[in-house]
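First chain A sits with chain B, and in the next complex the same chain sits with chain C.
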Partner chain A sequence: MSSSTTASRSLSRAGRRARGRSRGRSGSLPRHRGLIVGFLTLPIILYAVFVLSPYVQAIYISLTDWTGFARRLNFVGFENYTRVAHDDLFWTGLKHNLVMLAVLPVLTIGLGLFFASMLNIDRAGRGVRGSSAYKIVYFFPQVLPVAVIGVLWQFVYTPRSGLLNGLLGTHHAWLGSPDTALAAVLAVGVWSSVGFYVVLFSAAMGAIPQEIYEAVALDGAGRWRTFFQVTLPLLRDTVRVGLIYVSIGALDGFAIVQLMTVGPGGPDNATEVVGLTLYRRAFADGQFGYACAMGVVMLFMTLTLAVILQSRRREVGR
Partner chain B sequence: MKRTVRRSGIHIPLLAWATVVGLPLLWMALSAFKNDKEIIDDPFSLPSQLHWDNFGRAWSQASIGRYTMNTVIVVCGALVLTMTLGAMAAYILGRFEFRGRKIVYYGFAASMTFPIFLALVPLFLVASNLHLVGTLYGLILIYAAYALPFTIFFLTPFFADLPHEYAEAARIDGAGEIGIFVRIMVPLARPGLVSVAIFNFLGLWNQYLLPIVLMPDEKQFVLSQGLAALAVNQGYQSDWSALFAGLTIAVVPVLAVYIFSHRTIQAGLTAGGLR
Partner chain C sequence: MSPIDRRTLLLGLAGGTGLLLTGCAVPSGGRDSGSKAAPAVAGDDPKNPFGVKTSDRLDVVIFKGGFGDDYAKQVEETYKQAFPGAQVKHSGLQKLQETLQPRFVSGTPPDVIDNSGAAALNAVTLQKGGQLLDLKALLDAPSVDDPKVRVRDTLLPGVVESGTLGDTVASVNYAYTVTGFWYNQDLFEKNGWVYPKTWDELVALCAKIKASGIAPFTYQGKFPGYFLEPLMQMMAKTGGAETLAAVDNLEPGAWQSQPVADAVGAIEKLVKNGYILQGSEGLSHTEAQQAWVDGKAALIPCGSWLENEMKSTTPKGFRMAVGPTPAVTAQDKLPATAISASSSEGFIVPKDAKNTAGGLEFLRLLLSRSAASKFSELTGSMTTVKGAGANVTNSPALTSARKAVEAAGANTISFRFGGWYGDLYAAGSSAMGELLTGRVDAAEFMKRTQAAADKIAKDSNVVKYHR
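After this line comes the complex of A and B, so read on.
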């Protein structure tokens, strides 16, 4: 659900790869010491103060009872972590994050693959007619501000005058009833990110050599067999990258829930996510130490997930 | 014959998804020109007449104008700062060999895997200790700090791959190191700088999490915060048309940037997607 970070991660990957290729630099210490120090100092300070130090401090603060405003703070060990384990709201939020983790990758990656193969199915050297226009339209939600997406969809789901009920001829309060609220939020997540994967997978499909398809076509393979036995295996790495992005996004979900749902997180905590619980504990309840403990738990979950998805690939790759 | 029919059948699901994507946005833009009665009673009709006054009301009464100005100031400031510092750091990391280079490089890289909301609480404390909470320049610094890792990551290999001959020739001619950077390296790296700047613009314009923590005062709200607040307020006042106008105002800049640079954006993703 996080929109711009996904794109930036993807770009940075290109950066990392290109970096491995580059050899031979033009200068070295001590001849350029002044330049090196001069050019690096400001970026490093800015980054260390505002990015790195908060992450490090979070671990320390999570071991204290700090309210954030009082001067005093006491070291309380792992007490906050014990409290997290007994916090019902945390577990409710985590459950919903896990539902997102189960649903979002399947729908987003699945639809992304489906539309990408549709666009690239004409193997006569080019895509389906108008494929670049489709890609432009599909990708558009990816560049929308998340606030616009959230507020707009809130109105799409409005009971009386909303777009969805108008189309269906119903008057259902999609975000107002606990049965449909989470699904309604998930649908927005899928809506906003499918286009990104269509573009990503289209690019990967475009790079598959034409001869492979010609050979399979001679063997008389149908469209489905071609997709599952040729296209998908060749796209495995790109799909895995996509899975990592979607999964990390599924463990967040803060912005869209906060913008769209009643409460937010409601009704009846039906759309609560961990990010929202953390935000509320910190900035509404003034429990900074406790909120940090929650953040550290989520950090380890995210890292664990990333490691699992990475290592799975290594096993398969061998 | 059969082949033609099957081919046009492909367009059915493709058009269906295009509709799913486009319809809410079209509905938003049309609603921005209606009055409230039309929005509530005929959600699907075309506007009976174009109510341009909705935009005026959103811009001035609902403060969208002020939020837009705040956003423009913060995004432009952060963009200049990020691109300057990012290009400097990437130039050094890409072209000079020195002890600790890898540590600096991967130090910048590390934070890209952490979700931002984990850093929120301590970041708020850091900002408040430095008296940066609720100030536009504080948000500029922090936006820039969070955009730096990606900027450096993308630009470092870009600088590393630039040809060495020009710089060497300039050095022999007696040019200073800063002159070489500004007059030779930056122009050579322009394509990379432009793509990164586009991505940073979209990312910063759309930022929501950082401002809601760091900008508690309504006067300093950025556009995305302002829209969220407006959605709540207009809900009470039932001024839906102004809200839709506000949403439309917020979309126009990103739409413009996207339409003009979709090739660059897709090329950037492609470079990342292919392994």
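After this line comes the complex of A and C, so read on.
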């Protein structure tokens, strides 16, 4: 946090100087400052325009009754937030997001670590045979757009003749039953993202000096012990970053739910997520102000989560 | 993007801060011109009742979905012939919402919009915001085919009402959709099956169908709202039109009456007897309809767009036919021939449009008999124009739908709560999905829908309508 404020302070100073120079051609500024300003001005403006300003706008809209189409909007204070608090569908969605938050990070990071260690480490420091091919296979879902993933998995879950039912010899409607729908969606979430973490953790494992493993091997540590007492502690920072990514993703889940599920969000709201409720309120019902209030609530939840995970990282780092 | 957006963007860039951009997506409020002169209402010239000026460009946006947009292009040609030199801009779109939203906000909407499809603009919201032109002027204008007859009188019964919100005519629907149970005529003839007139006959038929190795029913599992249509049809028959009106008007206990119980109970019976294709609840609408085309199920609820929607995967010579829901009780208030017929494909004219006269004129031409017949020929669907397309015989589904409407006579059925109260429709669909999978029974279905209706009745944020 502090380093970024320093950076922005020095940047604004540099900006002032740059402007001064263009007027007076003093040329007293060190050369690299001009370079920094040149490289940073455009990205920061783009960031402000396309990332920050929508947030500011959303907060503003959330305090109004804007329909999304109207040319006028009325300020309604915190009325939208009161409505969010009493919206059953919002709470149902939030509950499912929290389930995802509890399950997705554990599964995705756990599987990612398992696969990455299988690919990278044996006693001699090499991965299993053909590990580079596996890496590509694991990463493959990352290359697919989420729309393709959704359609693909619908075929897998097709009630009678689908791949999954074929394998299990059942006739179950995986997405059509409230008991299995959310789990079916979660499985797709894990499948589609685990490859990224395999690659991420593989890279981090590759950076661990080989000597450490040699020393550990000489001391007679087994694979499990090596993993839990050497590899994992050295990967801690990378794992934390991964956790933040997955957790933020778990608070979203909109795309897959919208693409795959009954309703969508069903059956019987079994897969409703906040993003879907928000989308419906904004686009189907013309209640942008209300939808923005939901969005702002989610923004602060996500920020809080990220801050909690970040601060824990710093403690551990110390 | 509109010029205003671009200008604010440049402003923001010059200022080096994003905060100035707060005006980008949100209206700034003061720009609203407010009192825009209404177009010349129904003048004397039957050739140009709205006073279209050739110099004004016409901007048409058509939802390019199941019906395509070729029919509209033909009308645009007619428009150009009527007003030589007039420029027409045509856009065939699917994502109306995201394309048109910035245009509405910046006050430069198109002159006429075919507001349909999954991403249609919320007409209730637009109407509430005073952003739609009242189409009464169009309805009272002389029709193209006979200047002595007003456009209003060339439309099928119920069409004007279905586009009316409060006391304004917000939209005019163009497609006429018949909804019932669809069956394959050849399959029925081959097996000696006859489309049933009473529910008991239907249940007996289902037993026969099941014995032959085919599932009697399937439905669009992921969108169980499809089965609300037959339910409404059955409710109207068991209890009369007032049963549906009570539901639409959110009357207390509307979902708990005996006629509703009879209708819901009849559907529950199909489920209990195992007459629904196993796994239907996991199928999308096209997957379910394909299962029906492939002969895995004998009956499916759907609207008359079915043939066009399944065109590419239906074998040649496949003869689809629609039937009304059979009579549930012996004392049904409406005859068994009564059928759900509603109009869709609603056209709107935005109030802020530059050339509203042109927009109205486009609709007047669209509602001519020749344009309507062309629509039926191109899409295999009926239009809301009386008697149009009677000569079109290239579609078995269209012929069957037309016959069904003729048989129904004055007894056509439609409900309104789906368009008025999105949340009630969603709750009804969800409950229907549970009913059709047997996870809830008829009583629980009625309890849930009643609770959803009561909630909306109490919600002061929802604008209420009445029929």
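Throughout what follows, the second predicted complex is superposed on the first by the 260 of 318 C-alpha atoms of A that agree within 3 Å, B and C clash if a C-alpha of one lies under 4 Å from a C-alpha of the other, contacts with A are read in each partner's own complex, and residues count from 1 in each chain.
Throughout what follows, a contact is a pair of C-beta atoms (placed from the backbone, for glycine too) under 8 Å apart; a residue touches a chain by one contact, two chains touch by 3 or more.
A quick note: this is a predicted structure, and the numbers were derived from the prediction, not measured.
Undergrad: Going by the contact rule set out at the top, does A:159 touch chain B (first), chain C (second), both, or neither?
TA: In the superposition, A:159 touches chain C alone.
Undergrad: Going by the touch definition up top, name the partner, chain B or chain C, that contacts more of chain A.
TA: When the residues of chain A touched by each partner are counted, B comes out ahead.
Undergrad: Between chain B (first) and chain C (second), which, if any, makes contact with A:266: first, second, both or neither?
TA: second
Undergrad: So, A:143: does it touch chain B (first), chain C (second), both, or neither?
TA: first
Undergrad: Classify the contacts of A:177 with the two partner chains as first (chain B alone), second (chain C alone), both, or neither.
TA: In the superposition, A:177 touches chain C alone.
Undergrad: Can A:73 be said to touch chain B (first), chain C (second), both, or neither?
TA: second
Undergrad: Could you list which residues of chain A make contact with chain B in one structure and with chain C in the other?
TA: 15, 47, 49, 52-54, 57, 61, 68, 154, 160, 283
Undergrad: Enumerate the contact residues on chain B facing chain A in the complex.
TA: So the residues of chain B touching chain A come out as 7, 10-11, 13-14, 17-18, 20-25, 27-28, 39-41, 43-44, 85-86, 88-89, 91-92, 94-99, 104, 107-127, 141-142, 144-146, 148-150, 152-158, 160-161, 164, 167-168, 177-178, 181, 195-196, 199, 202-203, 205-209, 213, 223-225, 227-228, 230-231, 240, 243-244, 247, 250-251, 254-255, 257-258, 262, 265-266, 268-275.
Undergrad: Touching residues of chain A toward chain C in the complex: what are they?
TA: Going through chain A, the ones touching chain C are 15, 45, 47-49, 52-54, 56-57, 60-61, 64, 66-73, 83, 154, 157-160, 171-178, 261-264, 266-269, 280, 283-287.
Undergrad: Please name which positions on chain A make contact with chain B in the complex.
TA: 2-5, 7-19, 21-22, 24-29, 32-33, 35-36, 39-40, 42-44, 46-47, 49-55, 57-58, 61, 68, 111, 114-115, 118-119, 121-122, 128, 130, 134-141, 143-148, 150-156, 160-163, 166, 191, 194-196, 199-201, 203-204, 207, 237-238, 241, 248, 251-252, 254-255, 258-259, 275, 278-279, 282-283, 288, 291-292, 295-296, 298-299, 302-303, 306
Undergrad: Can you list the residues on chain C that touch chain A in the complex?
TA: Within the complex, chain C contacts chain A at residues 9, 12-13, 16-19, 21-22, 24-27, 29, 31-32, 97, 101, 104-105, 107, 119, 121-122, 124-126, 128-129, 131, 221-224, 278-284, 287, 352, 422-423, 426, 429-430, 433-434, 437, 439, 461.
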